[in-house]
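Structures for review follow.
Two complexes come next, and they have one chain in common, chain A, joined by chain B in the first and chain C in the second.
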Partner chain A sequence: MRKFLKHAWTACAAGAVASGLALSGGAAQAANAPSVLTIGTLYASSGPFAVASKGQFEGLQYWADTVNKDGGTYVKAFKKKIPVKIIAYDDQSSTATATTLYNQLITQDQVNILIADFGSVLTSVGIPLAAEHKMLLIDPTGSGANFFTKKTDYLADVSIPSSTVWPLTLGHFLLGQKIQRIAIIYDSNDFDASQAETLKATLEKGGVKPVYYHGVPTSESNYTVLLHTIAAQNPDAVIEFGYAPNDIAFLRNLSSSGLHFKMTFTIFPGQLLDLMTKNVGAKALAYTYTYPTPPLVQTQKVTYGPNTAAFVEQFKAAKNAEPNFLDVAGYNTGLVVQDMLETAPAFTQLSFHQALMDMSGKTTTLLGDFKINENGAQLGELFSVGQLVPSGNGNKMVVVYPKEKATGTAVYPAPAQ
Partner chain B sequence: MRNATGGTRYAVAVLATLAVAFVALPQVYGNQSVLFTMMTYMALAQGLNLVYGFTGYLPFGYVGFFGTGAYACSILVTFTGLPVLLCVIGGGLAALLIGLILGPLLRLSGAYFSIANLAASQIIYYVVSNEALKPLTGGPYGIKIDQVFAPTASYAAMLVVLLLTTALAAYFRLSRFGLGLRAMHQNPISAAVAGVNIVRARLVVWLVSATVAGLIGGVYAWNLSVFYPDAVFTLEISVFAIVFALFGGVGTVIGPLLGAGLLYTFYAAIGVSTPQYFQLLYGSLIVFLVLFLPNGLVSLLVRRKLHVL
Partner chain C sequence: MALLEYALVGGILYGVFFSLVGIGLNLVFGVMRMINLAHGQFIMLGGFGAYLLSSHLGLNPVFGIPLAVAGGIVIGWPLYYAVVPRLQRSNDPEMLSFILFFGIAQVIEAVTLLVFGADQHSLPDSALGSGNIGVLGQDFPDSWWVAVAVSVLCIGGLYLYLSSTRLGFATRAIMADRDEARTTGIDVDRVAAIAFVIGLSLAGIAGVFVPYMVGSVSPSIGGGLTTTSFAIIIIGSLGNPLGTVVGGLVFGIGTMLMQTYYASWSNLVPYALLLVIVLIRPSGLLGKAVRSA
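This part shows the complex of A and B:
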């Protein structure tokens, strides 16, 4: 009995000491908590990536405003809410400038969280710098296949699937429609060329060899001659992979050339529909296929943050403007960071990364399922295939594939306009 | 002879100042990327000065050599496993080879040379970024050599290249060979009559300048380690090198260094502090300089009868 009491006393004492240490540790942690959480990022106010970059940045800023209105974001490591402050520099779409500015954010501003600029080109230069300084680079839209070739603790693609998986659904749709004569024209950059390559491989696996497969410079702005060259191959479907300015030029040239194909696909009508409609015209866009992205398609059931419809309402009320995909991507990046901070037990970059890995496969946000692999590549948030169908004075988006997400059936062959 | 000795001492002082400054600066300013990029532009402006300042040939496509060096170095790192410094030298040699192939362009002059050179750089860019060369250059997917990423070592290497380029400019400025170049620049026919081998001299300067750009590109690729063709073939690099060299004053040793150092500092400062006014401020400054200081900053010193190296 005496022995038992001695053990019990020892256990209680040890428990009290441990609780005291834990409490004092917690108090010390709270005392060490920064008064604001600094989030460093870049944007481009000029140059080829300006439109997309500013959209993404606007979405991230909107997220920061939203959480700050609520007193900040909860940080599990400090067990309290902390306001966020975005430190952002303008890289003017230049990789050389972006390099120095990423370094500025890491070494001079010593930001707590580092978020990359839009797209693969401006993200690329941040990757080795972040790894060198052992900082996790949160990558919203840099989907270059080159980035995700080996295991890393310092890179996570959060708001866009790796570009190599983008056209998988499109490939399956084309095979399902039994379209045999397919032409693929793509810009010679990582984003577009990797999609072209994946689509070609998917089609060839299904027994379809593209009748035309050709790369053009990213600066291409006149597709007239190319369109006639494609038409000479008599394709049923023409797939054009480019950035928004290329898609605009391609669709304009197609409209003015008098040529007609049974199916035409471009990327950006599904991301920047207003911009495309303004520049191409609703008539020229009619029956074009694309990847429909939020908010044009809605994710109803989410496990974190607002669903797409709720976000659109909130954004419209706050900004008095319709959000586009890049606004959603920027906002989603903030949401993922928020969830990460709420779950990371320690305020370290490695703990942040582990939190993202733990969230992977269990989290659904307004962009869809969040799923990253150990190389940092985003394998969730997959795109469907949609078609713009005339409605009133404009077009409405109809998801045509895969079946479980379809909101209508494809109009194939597309009627001549 | 006394002047030459004085000039040599002056050149040694410039080299020593550069070396001390760029060794000391990282101790007081932590953003090494800014300092690295500043050295890159100083070296490029100086390399361009070698050919433009001493022969009058303005290579608008100078970035072609830079990009060639970057890609040659990266390809060597990827496929040969050679020490990275040898790969950087390989970048310089690849640019030398391209310089030799483009040598006949020196038969042109003025704007025709500049345009032809610009076109040549674009040809190299499109070849490198072509999908068909994906197994070798990565094509449009870019190239990645992060296995050798070493910011401090590449910083030191860029300093060595900058010192080498400046030493070459000093040699051109002080040597008999450089005197021939200046004579040729002012009046090629008179220079030829006086015994200057015009074709050989031009070709030597052209190849030296190309090699230097290739070395700079190689070190730049080493520092960047993940990049796309646009990053090392963008015409912005040529334009910056030309503007920086002109701002400081071409045909001198310190002009391009001053020009690149000051303008890049200004560029980095307003780029960080007031990006919304960046284009306005930078553009206004360049217009002001072209109007009021067409011979560059060093002309202010020359007007005051100061000796400029």
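This part shows the complex of A and C:
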């Protein structure tokens, strides 16, 4: 099922934009400005990435609705506000479909701004296409280390740190806790494998060699035998890097296996806590460590847009629902684009990229410090280490590391549930 | 050695359950000579049926078993008569059935997505027992044992049906030669419709335990389950429902051994085995050898 918003005026708009660039003078530029800015993106209504992808898309749509209510976003190149229009196609979590649809957004729809779908898997196929067409790919949550290995003007990771830096704080926390026997199990994809590699390297630098270090297929759905194999190595801490369906299967299998480790870490309780609680249960999630993400942790002082608390209030009022991290990430992507358009002197992809580079290190949004390098990797917005601690009928998030962000101390070893 | 034992016991349990996952597909193929590409989606429906009973009515998920049988009858009987006789009269029923069941799979997935959303849904662990049961010193969750017990009962029941009842004899006669069966007076459509209903019911029953065996159920899991089922029945023997048990065991043990000793390659197991079997013994492990005169 493919849902898409079709537009008929794109060619005219692109022509108008091109003509506008050729002319000088503010009045001429304003006259040649497109009537609507087109933002092309993909989302997945089905498949393994649907939940996260739809959240990210919903956040982006919310941003577009917000700016359009205000007459659009200011575009410095045309010195005027222009409404935004999102052209979105459903890739159904398929990289093959996503490839075709990214191509369609670039070559047929000729969108002004290109935004990737959720996550590294669905972003990976857009990166070479965008570079080939000299189009800047705004990458909300594709954080695979392999994306950011060389200098580029056509990729910018805006709403999530590069996965190579995600586990740095986790690694330092493990070393600080003096945990020696650590098992790492990860999905064999860019997002998870790069985190596993970084964590392993960080631990080895601190003199700790993981007692178990293995990849599993991203489609892995039964961890019972794997957990037993891990337990045979007597680890104190078990770190599982996977996507949400993997985390659900892993934590459920761990809960039903009768095994217990002093520390268990998975990624998605910190991003999709409601989903994880619904599937795994509050009791089985108790004392699990994770990366706590906004809105579970808040950025108070921002230089652009609302802070986390203000966003949560606005989102709840508009959508009648609590936002999750992916909603925040999608919204933040829109904010970064908005800031970029407000500062880019010309309406070109290279000028957009330069604007992002200029914003880097000077901008703080509801996700934290915006800091990208010349390879397009996001090095700001770093994650802390949090632990879910029982509270009432559920769990509350306690940030346990680093010290300056900590809201409590780690419960280690975790009591058996 | 303990790891090997655990992998073997786990593989047998996992394999028995996956025999149930695949057996309905093989029964339908054996009788109708059609691949039900919506098989995984019917399994997924069974999972959502159990989820509805558990989350909305507060019932134990095992009540999903009679619901799956009822669903098999309500969906399977009219679906068979609506499409299969027409397909059988066409020039290329196998290819057309591919397309038709692919379409049905897409419809089921889309409707499920609309009703339940894309989220993963799980069933409470405690519903099937929250402890562990050990065999040969190897502990596995209660839910695994319940899933295996139900699988054995279903497979045993199907065996008895095929080997001890008049309808079962007729079903086997159709499997052997549809036209010849018709000439002997067997009401082929009626018998095949019953087999189709049984096939869908078995898929639905397997679905009840999917949230326990593969973590959760979501609208998108159907395609993967169909592919795995297809590999299992080819490994066992395409068209021979009981060959599925052998295929399931080979798949389960192979997967768990790979998870234990070379985890990152474990999802290749069914397809690697499928390739090997097709090359060495195209009729499957329990298939009859084909002799050219």
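The rule is simple: the second predicted complex is superposed on the first by the 393 of 417 C-alpha atoms of A that agree within 3 Å, B and C clash if a C-alpha of one lies under 4 Å from a C-alpha of the other, contacts with A are read in each partner's own complex, and residues count from 1 in each chain.
To be clear about the criterion, contacts are C-beta pairs under 8 Å (C-beta built on N, C-alpha and C of every residue); 3 or more make two chains touch, one makes a residue touch a chain.
Being a predicted model, the structure only gives us computed values, none of them experimental.
The superposed arrangement places chain B and chain C in clashing positions on chain A. Of the two partner chains, neither chain B nor chain C is touched by A:P306. When the shared chain is aligned, chain B comes close enough to touch A:I127, but chain C does not. Once the two complexes are overlaid on the shared chain, A:G215 sits against chain B and chain C alike. Contacts of A:D190 after superposition: chain B is touched, whereas chain C is not reached. Residue contacts after overlaying the shared chain place A:T97 against chain B, while chain C stays out of touching range.
Of the two partner chains placed around the shared chain by superposition, neither chain B nor chain C is touched by A:P269.
By the touch criterion defined above, A:V51 lies against chain C but remains apart from chain B after alignment on the C-alpha atoms of chain A. In the superposition on chain A, A:Y89 makes contact with chain B only, not with chain C.
Contacts of A:Q108 after superposition on the shared chain: chain B is touched, whereas chain C is not. When both structures are laid over each other on chain A, chain B collides with chain C only at 95-103; the other stretches in 41-49, 95-103 or 221-229 stay clear. In the superposition on chain A, the residues of chain A contacted by chain B and by chain C overlap at 45-46, 188, 215, 217.
Contact residues on chain A toward chain B in their complex (touch as defined above): 45-46, 89-90, 92, 94-97, 99-104, 107-108, 120-121, 124-125, 127-129, 131-132, 144-147, 149, 187-190, 192-194, 215, 217-218.
On chain B, the positions that touch chain A within their shared complex are 30-34, 37, 126, 129-131, 138-142, 144, 146, 149, 151, 224-228, 230-231, 234, 236-237, 268, 271-272, 275-276, 278-279.
If you check the complex, the residues on chain A that touch chain C are 1, 44-48, 50-51, 54, 93, 185, 188, 214-217, 219-222, 224-226, 228-229, 232, 244-246, 248-250, 252-253, 255-258, 275, 278-281, 284. Note for the complex: chain C touches chain A at residues 2-3, 6-7, 10-11, 14, 106, 109-110, 113, 118-122, 124-125, 130-132, 139-144, 213-216, 218-220, 224, 256, 259-260, 263-264, 266-267.
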